[in-house]
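Here subunit A shows up in two complexes: once beside subunit B, once beside subunit C.
Let's look at the complex of A and B:
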C-alpha cells in the first residue's frame, strides 16, 4: 500500500466528485419529466396530451350517421363535396347530444360568403351579384341549399 | 466482485444512461393509431380557393385561437400585369370574413393563398428551441409542448413562414397542430372539413393509397420558400411565382 501513502487528498477529491455526480443524477431524475427523450429531445407525453384536446367539429361522417336523407340529397347536387359543418358550423356538441339544437345558418350572410361576385375568385366558380340576382329575396326561397340547382328553372 | 474506483468511475456514466432509459419507459402502444405509419402533409389547390374564410373561422373555433391571431389565414394576391416582384397582398383579419369584392375591369390578376404551418421535416423552429418544447412528432407534425415552453419566442422569429405567435394569455408559443387531436382519430383537420371547395386536403405521404401521390405525379406543385430547405410539407398546386 505504499503507493497510497500521502494520497488522502486524492481520496477526498474522488469523494467530492462522486457526491457531485450522485447529486446531479438525483436532481436530474427528479427535474426531467420521465417521458423526456422518449422520441427525441422533448417530452414524449406532450404528444398524447395534444392528441387528447377536445373536438369542436364532429366531421361529416358523424352527421351522416343520423342525417342520411340529407346526405343523399346532397350527394346528387352541386354541394356534394361541401361538408355539413362548412355551413352549419362546428357541431361536435350536437353530435354528442342530439337534443342540443344546432340552429340554422343565416342565409343572408352564408351564401354570399362563397358566391358573391368578385373578379378575385376563380372564373369557373358560380358567382352572383345578390342584389341584381334576387333583389333581396333570400337565396333559399328558390334554391334548396343542400342541392341548389333549380330543376325546372334551368338556373344554377 | 471487487469493484475498484477505476471501475466505478467507468461504470457511473453508463449506469446513468441506463437509468435514463428506464425512466423514459417504452413508447406507448396507442390502440388504433401508430405514429410510425403516418407522415402528414397538406395539399393546397390554389385554383380552387375562393377566399371565403371558412378555414380561418373553423380553425379558430376548433382550436380556441384568440382573436387577432391565426394558425391559418388567407392572403389575397394582386399582381398588376408584369410587376411580379411587387404583388399587393391583403389579408383583412386573416381573411376570416372574406375579402372585399373586385370589379371585373380591374387590372391584373388575383388569387388567394391559404397559409398555415408547413410542418417542415427540417424545421428551423424546432432547431432553435432552447428547452425542447417544440418538436416534430414521429408522424411528421410540428407541435409545441405548452407545459415546457417558456415563451422566449425564438421559434416565432425562426419560422420563415410567420406561422407562430405567442399566445396572449398563456404566454407560450402557439401554432397549427395540423389538428393533431383530429387526425389521430381518423378525422380530417377542421380547415379541411370546413373548406367548401376542396382547396385544402390533408394528405398522408406514408399511405400508398392516398390520392396525394396521383396528384403530385400529374400537377405542378411547389412548397413555399424552397430555397430555405426546410422540408416544407404543405404543397401548393399552381402557385404563382410572386408568392412569398
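Let's look at the complex of A and C:
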C-alpha cells in the first residue's frame, strides 16, 4: 500500500521512539530497587536495613534495671519525662557491658542547652541567664539534676 | 543583621531560590513564546511571519535544551533528576515537570522540526560529505522518500503536531506559573492568575526574542530584512503585550482592592525593595515604553530605518522587562517575612554555582546552541530553495 510506503519514515520515527521507550523500561527495571513502592514512595527494604543497624541507645528501661534509686528520684521531679540518654548520651555499650564507664555530663554546657534564656521557649519553661544566675558556680551545686527543684534536695 | 529590616523568621533571612530560578521561567517562557509565534504560521496561516517560522522552532529548541540547566545547577545533584522518570511522584507538581518537559521536547518540538526539515535533511545527506553526511543520514532514519505524497503527509502530520503543540506550550509555561501560583503560604505568589500571566508574558518574550534574532541574523547574513514579516511580528507583539499588561494590572488591582492581611507588607515592599526592579524596570521601561513605541509605529507612517530601530529598542526593552517580571516574582516572593513585619535582601554572588557569571553563561548558551542548529539546519528561505534544487538534481 502506498500509504505505508509514503508514510514509512513516520513508522521509522515511531520505531525509534518505541525503541527508546523499551530501553527506558529495561533501564528502569534494572535500576529501580524491587522493593520500591512496597509500603509507599520509598524503598521497602530500607526499613529492614535501618533496623539492622547497630543500636546506640539502650532505652530508659535498661537504665532503670540497675539504677532504680535514680529512677525513683527522677520520677518525683521536674525531669520525670526527660529520658536518661537525653542528658547522658547514647549508652547501649554501657548497658551491654556495665564495666564501660560512660562518664558524667559537663553541667556547664548541658543545662543551658535547655535552660538558657530564649524568646523561642515557652514563657512558663524555666530559663536563666547562667552568668547572672550562678556567676559561674556549677548548676549541680544547688540543683540535683535528677530532681532539680531546690526544695527537692539541693546539691548532691 | 545587615540586609535585614524588622522581624524575619530564621529560615527567611537568606533566599533559597536564587537568580537561577529567575532564569528558569525566563528561558522556558522564551521557548513557549517562540513556539506560539511558529504556530501563527502553521496553524493560523499568518503567512507574513513565515520567514521567522523555522528560526522560531530552532530558537525554541535551543532554549528548551538549556531550560533545565538552571534547575540542575540549583539542585546540585543533576544525576538525581533522572529519578523523576524512574520513580514518578504523581502528587508533586515539580516532579511532574520532567514529563511536561519530555513531552514538549520529544513529542512536539523535535517531531515538528524533523518533519519540517525532512526534505532538507534528505537533500543534505546526499550533497554533503564526511561526518556531516553521516549526521544527516542518521537524521533521515534511513528513509529518503521525499515524494510529493510523503511531503504532503509530513505537512498534515506537522500541522497536527503544531495544533497539539499550542496547548503543550501553554502547559509548559502555564505549569511554571502554576508552581508559583499554587504556593498558598506565599501571598506574593498565590494567585490563580499566575499561570495565565506567565503564559502571556512567555508569548511576549518569545515573540520579541525571535523578532530580534531574525533582525540580527539578517544583518549578520547581509540579507535584507523582510519588513512585512517584522511589521506583522511587531503587531502581534503589541497585541500580546496589551493582553499581558492588562492581566498583570488586573492582578494588581485585585490585590489592591482585596487588600488582605498581606497587602500592607507587600505594598511597602513594592515601594522600597522592589521599587527599581518592579516599577521602574518592569512596568515603566519594560512594559509601558515598548507598548507605546510599538503602538506609535502602528499609528504613524515611519521610514523603514526608523521602524527597525524602534523594533530593536522595544524588543530589547521587552526582554529586559520580562526578565524583571521573573525576577520580581521569584526574588520578590522571598524578600518579605511571613510575619509581614520584616524584609531581607538578596545579594547575588559573582562566581559561585548560583552566581552572576553562571547566569550570564546560561543566558548566552542557547545562542551558541542556536548558532550550531542554524549551521546544521539552515532556516533561511534562500538555502531552502538551493536545497530543494539540490534534492531535485540528485
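Just so we're on the same page, the second predicted complex is superposed on the first by the 102 of 156 C-alpha atoms of A that agree within 3 Å, B and C clash if a C-alpha of one lies under 4 Å from a C-alpha of the other, contacts with A are read in each partner's own complex, and residues count from 1 in each chain.
The definition used in the following text is that contacts are C-beta pairs under 8 Å (C-beta built on N, C-alpha and C of every residue); 3 or more make two chains touch, one makes a residue touch a chain.
Only a predicted model underlies this, so the values are computations on that prediction, with no experimental measurement involved.
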| item | value |
| --- | --- |
| Subunit B versus subunit C as contact partner of A:36, first or second or both or neither | both |
| First (subunit B), second (subunit C), both or neither touched by A:6 | second |
| Partner chain in contact with A:82 - subunit B first, subunit C second, else both or neither | first |
| Partner chain in contact with A:16 - subunit B first, subunit C second, else both or neither | second |
| Subunit A residues touched by each partner, larger count belonging to subunit B or subunit C | B |
| Contact residues common to both interfaces of subunit A (with subunit B and with subunit C) | 32, 36-37, 41 |
| Contacting residues of subunit B [partner subunit A, same complex] | 5, 8-9, 12, 16, 19-20, 23-25, 27-28, 35, 47-54, 58, 61-63, 76, 78, 98-104, 106, 110-112, 132-138, 143, 145, 147-148, 177, 180-182, 184-185, 187-188, 190, 193-198 |
| Subunit C-touching residues of subunit A, taken from the complex the two chains share | 2, 5-10, 12-13, 16-17, 24, 27-28, 31-32, 36-37, 41 |
| Residues of subunit A defined as touching subunit B within the complex | 14, 18, 21, 25, 29, 32-44, 46-57, 59-61, 79, 81-83, 85-87, 89-90, 113-114, 116-122, 125 |
| Residues on subunit C engaged by subunit A in the complex (per definition of touch) | 85-87, 89, 106, 111, 114, 118, 140-143, 145, 147, 149-150, 153, 157 |
